[in-house]
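First chain A sits with chain B, and in the next complex the same chain sits with chain C.
Coming up: the complex of A and B.
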């Protein structure tokens, strides 16, 4: 399919998403990407809408960025029928009280590939995904303390000597 | 039994028909003798489930992959992959280093196809900087990454067949790969971890004589591909071993994020080189190898077909190699403006991507490496369920795992 078709499909998708999620920031770019920024509470609704109503069936990745005062969780999917890419993101912050970790609804039920992606984000950023079937650490060993990709992470392990002092 | 009754050895063998028509031992001989099943009469038909730990130090898991299998007899009821044994924290290291410093470490992601790793990272930084690579640089990059693809698929051919007990194809695959390693050595000085790509192009021009050596290799490889087919692809035992094994439906594969040959064997003709051409791939004439069966044999055939298609691309690129600079003008200190870039290319194992976030400093603020085999390994519980334990190494081999990329 040509680039013009992909871009027109992307514009169509952007309009559909705007109609369904009026509070979201939606942009369609000239290279066939739809970018959606949504509130954390509507994360799962948006993912379900993208999969069921817009045909985004290919799971590319889910990851996060630590902006020190908040985290941005980013997901990227592609529609194999129209060739459009969609990037959906949301901001989460650490909550106070009984549940201090940032939390977001899991989209594993929408795309099964999200299972390990969310485990990785949980392991390296410490973001909880509620409703995840198997939220365990995946990269770091069992019993590891801390979340390495956070900007304020320091290694607290004492069982192995450091040859080079930590900077 | 007396000595006279004993049959003399090697005198009365007779024909096969004679042997078959000989009456068996008299039933009365077996009376009162216990059979094997009598020893386990109290157990009956019930078998106990067994937890089997495969890896991380297992020769057939292609690296430090650990799979915990719950077995019922020989059948796999549940498979739980456990990864992270090779986690080196490259994404975290990248945040501490400048953009050019990250590039040699990127080689250690997918260590069997180094050029495509550097390719996608260099393209991501170029997108942030807004740099356009000159045509000669683009063509050299294409040649290097296609050679990498062939080398990676040859390793797949070698190890996958070895998993099935065929030793000769292993030697064949590694022998032809040696030609590619020599070509790499000629161009980049290194055989495995090249560090040849730079932001804006490649480190240096290809040396004199590279063109001839490259075309010579293409001819050899083309001839050897036919020999691989005679040796293994048409082998009846091999076909029976792989056919109808672990069929992956296309919708399931897409949901898991499968890509590359693993997805194309299920009938989805998704190839980034065709769907979103980069670095001059739109100038080359080649086909996307696709199969519809979705089984292990189809995944094997797609990879072998891709070697032929890559040879086509290399021939075209080498013969039409444009003149001019191989490197764009790039500032000495690479300091991209704040922003984000998502770049993905077709690596041998699938759709490799980089999500790069810049905050305007000399270091990447965040680098996410999207590894295709990470998704493929996450698919293993689905793919292994219900198959026999002897087939698990074939199923695991057919998705062509490289743990350096999975664990990062």
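Coming up: the complex of A and C.
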């Protein structure tokens, strides 16, 4: 598939997404990428639309950015038939009350490959993916306190003595 | 007297076929058995045990990062070759005397390293390969990294470098052999027996 075809597919996809999500910011770049930014409430709708209506069947990654006052969750998918990449993102903020973590709908039901990636984002950024089947820490050791990729993270480990005395 | 059948009795004295040196002593006046009986060496049991241990260090490699490629895979392959020192790779801690911890020790891996170390039979030795295993290296302040494997297990030799050359590891291995040769294991055993009693 030539690059021109990929770019035309990307622009076609951007038009479809714009028609379905008029409030979203959609751009189609010249290198075959579609970039979508939606509200957090329409995150799962957008994921379902990308998978079911636009053929984005390959889950590439999910990650997050800490902007101190809010988080941006970024997902990247690819269509293995048209070769178009799609990057979709949304902003989430910390909630008050008895559920202080930022929450977002899980896309594990759309792409099963998102399971461990959402666990990773939960582990390192502390973002709660509602509807995730098994939201546990995946990278940090057992009993770890905090979410280390947050900007306000502090290491609470106690200093351990060397087992070899200095000479 | 002439020995006819070459039996085990080895007589000596004037006229014997076996010529015994007149004075089997060295300059300090100590008896040197090698001079008295050719082919026999006298030494302490400690030295023999240490010599055997130092020259048959079977090692287990705990490769965690790039140091494992440089120091253990390249160092163990034919170009440098640990076999020259009587060191052979064993993939089981039960059969190993020495463990190379090569690379960054993460908090998640630390209990596993401790378990593997405890599975080794005594006497056991540990060489920390590279800056990360010695002190945490450039990742010292990371939330995920143990700043030095000596926070987890006792370390005998530290080999600096990022990563160290195989020659540097050989220097560390030779230093460990020298350390083993000086080891007073019988006193350790006595201390343990005293502690038990």
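In this text, the second predicted complex is superposed on the first by the 158 of 167 C-alpha atoms of A that agree within 3 Å, B and C clash if a C-alpha of one lies under 4 Å from a C-alpha of the other, contacts with A are read in each partner's own complex, and residues count from 1 in each chain.
Quick note on the criterion: a contact is a pair of C-beta atoms (placed from the backbone, for glycine too) under 8 Å apart; a residue touches a chain by one contact, two chains touch by 3 or more.
Quick caveat, the model's predicted, so the values are computed rather than measured.
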item	value
Partner chain(s) touched by A:155 [first = chain B, second = chain C, both, neither]	second
Chain A residues touched by each partner, larger count belonging to chain B or chain C	B
Chain B versus chain C as contact partner of A:76, first or second or both or neither	first
Chain B and chain C footprints on chain A, overlapping residues	139-141, 148
Residue numbers on chain C that touch chain A, as the complex places them	106-108, 110, 143-144, 146, 148, 150-155
In the complex, chain A residues that touch chain B	57-61, 63, 65-66, 74, 76, 80, 83, 87, 111-113, 115-116, 124, 137-141, 148-149
Interface residues, chain A side, partner chain C - complex	139-141, 144, 148, 153, 155, 157, 160-164
Touching residues on chain B, where the partner in the complex is chain A	83-84, 87, 89, 91-92, 251-252, 254-257, 259, 268, 270, 275, 342, 344, 351, 353, 355, 357, 365-366, 368, 370, 374-375, 377-379, 382, 407-408
